[in-house]
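Chain nomenclature is as follows: A, B, C and D, assigned in order of appearance, with residue numbering initiated at 1 for each chain independently.
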Amino acid sequence: MRSSVIVFPGSNCDRDVAVALEKMQFKNQMVWHKETSLPKSDLIVIPGGFSYGDYLRSGAIAGKSLIVEEVIKAGKSGCLILGICNGFQILTETGLLKGTLLRNKNLKFINEDVNIKVMNNQTKFTSKYNLNQILKINIAHNEGNYFTDTKHLEKLKKDNLIAFKYCDENGSTNDQFNPNGALENIAGIFNEKKNILGMMPHPERMIDKVISNTDGVNLFSSLIN
Amino acid sequence: MVKQYQSNSKKNKLKYSVTVTLKKNVLDPQGKVVENTLKGKGMNNLKNIRQGKYFEIEVEEQDETKATQTINQMCEKLLVNLIIEDYKISKL
Amino acid sequence: MVKQYQSNSKKNKLKYSVTVTLKKNVLDPQGKVVENTLKGKGMNNLKNIRQGKYFEIEVEEQDETKATQTINQMCEKLLVNLIIEDYKISKL
Amino acid sequence: MDMKITDKIIEKHGLKIQEYNNIQKLLKRDPNFLELGIFSAMWNEHCSYKSSKIHLKKLPTKGKQVIQGPGENAGIIDIGDNDAIVFKIESHNHPSYIEPYQGAATGVGGILRDVFTMGARPIALLNSLHFGSPSHPKTKNLLNGVVSGIGGYGNCIGIPTVAGEIKFNDTYNENILVNAMAVGHAKKDKIFYSKAKGVNKAVVYVGSKTGRDGIHGASMASAEFDENSEEKKPTVQVGDPFTEKLLLEACLELMKDDSIIAIQDMGAAGLTSSSVEMASKGLLGIELDLDKVPCREENMTPYEMMLSESQERMLIILEDNKEESARKIFKKWDLDFVVIGKTTNSKNLTLKHNKEVVGEIPIEALASKAPLYDRKWKKKKLTKKNIELKKFKKLKIEDALIKILSSPNNSNKSWVTKQYDQMVMCDTVQRSGSDAAIIRIHNKDKAIAVTVDSSANYCKSDPITGGKQIVCENWRNLISVGAQPLAITNCLNFGNPENEEIMGEFAECLIGIKEACEFLNYPVVSGNVSFYNGTNKKNIYPTPVIGGVGLINTLSKPIDHNFKKINSIIILIGKTFGHLGQSCYLKENFKIEEGNPPEINLINEKNNGEAVLNLIHKNLVISAHDVSEGGLIVALSEMSIQSKIGVRIEKAKKLRNLTEFFFGEDQGRYVLEIDKKNLSKVEKILKNNDIFYENIGITQKTFFEIEGEVKIDTNDLFKKNNQWYNNF
């Protein structure tokens, strides 16, 4: 499997996700944002960080960059795309994913390990997980408060497009265990064709026992198949 | 009856806008990046952008002087960082 | 000589403000927190606050129609997320 | 044309008349306004170290592990395999008091530049924060602003903020302390220095444009606050972490080949200090064409350009024929890259503007001939008072413990640390919350441990002992996570050095630091001095802050201070005398700051530390914690709080006063959790090394218990420890 990690000025989880991909045997390439064409890839990753300083709106400026036009084309033709954190924000700015990520409800940056629940394991991104499996994954963001209109929310639910929800240790999704105020505790969503996943938690931070845990491994190993 | 009540209640509310801008010589990193991005997209006649904040504030108050007083207080207490920012209040 | 040049150059620039606000039905977490904080500080007549963005934009252009066109473009291309935000342009 | 230089202007520049006369002598003429500004920037306390230098010189700075000691942008130590660790701490106290968010943010930005200017990729950030009383009307705002400023910068640039300390004390009501430390990793054979070499080499300006920010910030940092400090407001600088990220990547990319002769960040006194420093180290001159300086505002004067403290800028001296390739790199990262001058053999700083020479000063006059003071100082009178416990009403141990654990100074800090990205870069083995953070060297099986510490109360009552104590506590914190302590950096926050008592605190603290560092082979490789902390003649407590770095050679099993399982043996290493002078117990329960700090016995300190490290390396310890503020009982409860594993501590065997035993702050002690099956091995090693130890109890389920005295559910301990910030 070939993967490409798009690097914007201000990306800062690009190396982290590249390490994860290589560990999982992807043949990975870093793609600088000024490039106008993408290398052949089965998976495109838009990493976390603060592209363009998160100025204006997080993800806004990156979402309008040249290389992203190529990403959009690839996404529309079915290429797998994973947007993590800032990557998720960028994907919503491009319209590849619907909705938006508002400021955290406490208006503070939040970095902690949270529990999330796998809401759909019938996808290329999540097939190695069990349905309703609870993962402990690190989040680190200012704007992770997912918001969308009622119509789209209904669609997300009906078509099983919610990937992960924040929850407590037992999998219950309630307000108390909603770190950032996201609508219905949503931590990640798919597009309609389920070839694009955007998520706020950082699976690439959870691939090494010495550092944290290995709950993120199966996301990458689901993809390699 | 109902109508009258409504119009009354309307009268009791005043709405203002507050624009907050960075003082003249203070660096505006956001504005600068936005400016460069727009120029990079071919907007060559763009000379300068500065970014600020904008608030729409409704207060339950009939008296305009009192209302602006309140809003001024809000600005100085919370909304504006007077060390690096200026602000302007207008009635909407 | 110098003076004339200056006044000329001034005429070539137009300045606009753009205010960007969240659409009515979109949650405004920032505004909410600001509102609660102010109420907590005893500002009881505060009814409602919504927070938005503000830009001051200078363009090198003489023609106002063209200038507003350019600014409109900037808004739609970058400054505004039309899915969740509205905007308004005014001449300064 | 030029402004006339009056006494008032001289004073406004923070220069004494005598110093001005000196300038006239050195120049053999009157300086012009621009030159005066340059002198004032270079000769102020912050840049010249005129009051501290003779004391700093006494610190031990050498050792097998030291690659670069003080004198460069940051210190460098060797951790083997061609890996080097570059680190330094710096204060941003005054700017942070004026504008907490930007002050703290630019503090982080500044210290990061000191580290990456030497060729290191920053891998960790730390901070030491001291605020006034929590009930002081300004504290909340300052705390919020500083914390989000630190997070705002570090999170955006993508370097984990992994450790630090936050303390509250009335003494900082009008003068908070914000010290930031950065740690970077470099290859030993790829280190860059600031010494210029060769004549006619291009001097290149890279990074952000120069604006009117922070003009005279460095002088501000050296001036006491008074009611008029409001006037100094416009000098606040705004940080741009995004640009710094670009600058970091661009510099590291340029450093891959050998284009750079010398490189220096523009910190305090910006263009002035960076160019003078490079020229001075190389015994060269430097000529700058100020028309070329990239400016943010129109019509900036040479004075403004030379003194601006705009952030995110660097000065580089390039090898011949490297300009084009270097320019390409900076262009890729959308940064300014302008040749603004060249090195000369004139040994002067020559400034040109509009094709005219507007200033010319011998480099020597600015650097080596800067004033140097041996200020008068007074020895501290130590109190003879002993703490008599009988004086205080009897307090139940349980109540006293809860009071301490729920106090602002001892509460869990996760409200703060959650606002920092601690995981980015994916090498954080241990986040904040333990005795030291652990950062893995990327792609390797080894790691460094880092921590910062201070003890202002100890230093206030006895600066020599206090100075020793912080070094030891810092050392102990590294040992507790299984790291071999290697070297320190220090940030010396003091009051007005023109006051003999304050100068005495400074001199004596340094005596203490020196003694401890020498004994422990723990050299000082970098640091920073911040004087004039205080207002209206009220000076802060002497607050030296020590940042330490240690090495963990094999990362198989990182160790922290959370209990791991029930039925383990708890061992207390080191002797307990029950010293309560200057203790947390008295402070938090009775608001009493009396007595002397606990004695430091360097021999015990070293032996105990080495023994603990030895046990950890032999995998005989499951968790470890040093005993510091609050004494044994606080150390034990900290081990219980996160793990929610309780303890049962036996009542002390010999007849001892329990309050003294549990709350005494005697030094050189550690608590270790040991697996029962290893007990005999452990005891043998301790006995063979003549280490004093006591088996004080075992771990158990649910309850934190001291026989017959205390019994608290660990969940309650957790709650008590976690509520303060959330209600703040």
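Following the convention adopted for this analysis, a residue touches a chain if its C-beta (ideal position, glycine included) is under 8 Å from a C-beta of that chain, and two chains touch if they have at least 3 such contacts.
All values reported here derive from a predicted model rather than from experimental measurement.
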| item | value |
| --- | --- |
| A-B or B-D - the one linked by more C-beta pairs in contact | B-D |
| Interchain centroid distance [CA atoms averaged], chain B/chain D, Å | 39 |
| Chain A and chain B, separation of their C-alpha mean positions in angstrom | 34 |
| Length of the line joining the C-alpha centres of chain A and chain C, rounded to whole Å | 31 |
| Residue list for chain B, restricted to those that touch at least two other chains | 29, 33-34, 37, 41, 51 |
| In chain A, residues with contacts to at least two other chains | 52-53, 55-56, 61, 64 |
| Multi-partner residues of chain D (each touching 2 or more other chains) | 240, 242-243, 334 |
| Chain contact topology (line, ring, star, complete or other) | other |
| Complex contacts: residues of chain B adjacent to chain C | 13, 17, 19-21, 31, 34, 37-38, 41, 43, 45-61, 70, 73-74, 77-79 |
| Chain A partner contacts - residues on chain D that touch it in the complex | 148, 151-152, 155-158, 240-243, 245-246, 332-334, 414, 417-429, 440, 555, 558 |
| Contact footprint of chain D on chain A as seen in their complex | 9-10, 12-13, 15-16, 19, 34, 48-50, 52-55, 108-112, 138, 140, 142, 202, 204-205, 208, 210-212 |
| Interfacial residue positions of chain C with respect to chain A in the complex | 25-30, 32-33, 77-79, 81, 83-84 |
| Chain A-touching residues of chain B, taken from the complex the two chains share | 29-30, 33-34, 37, 41, 51 |
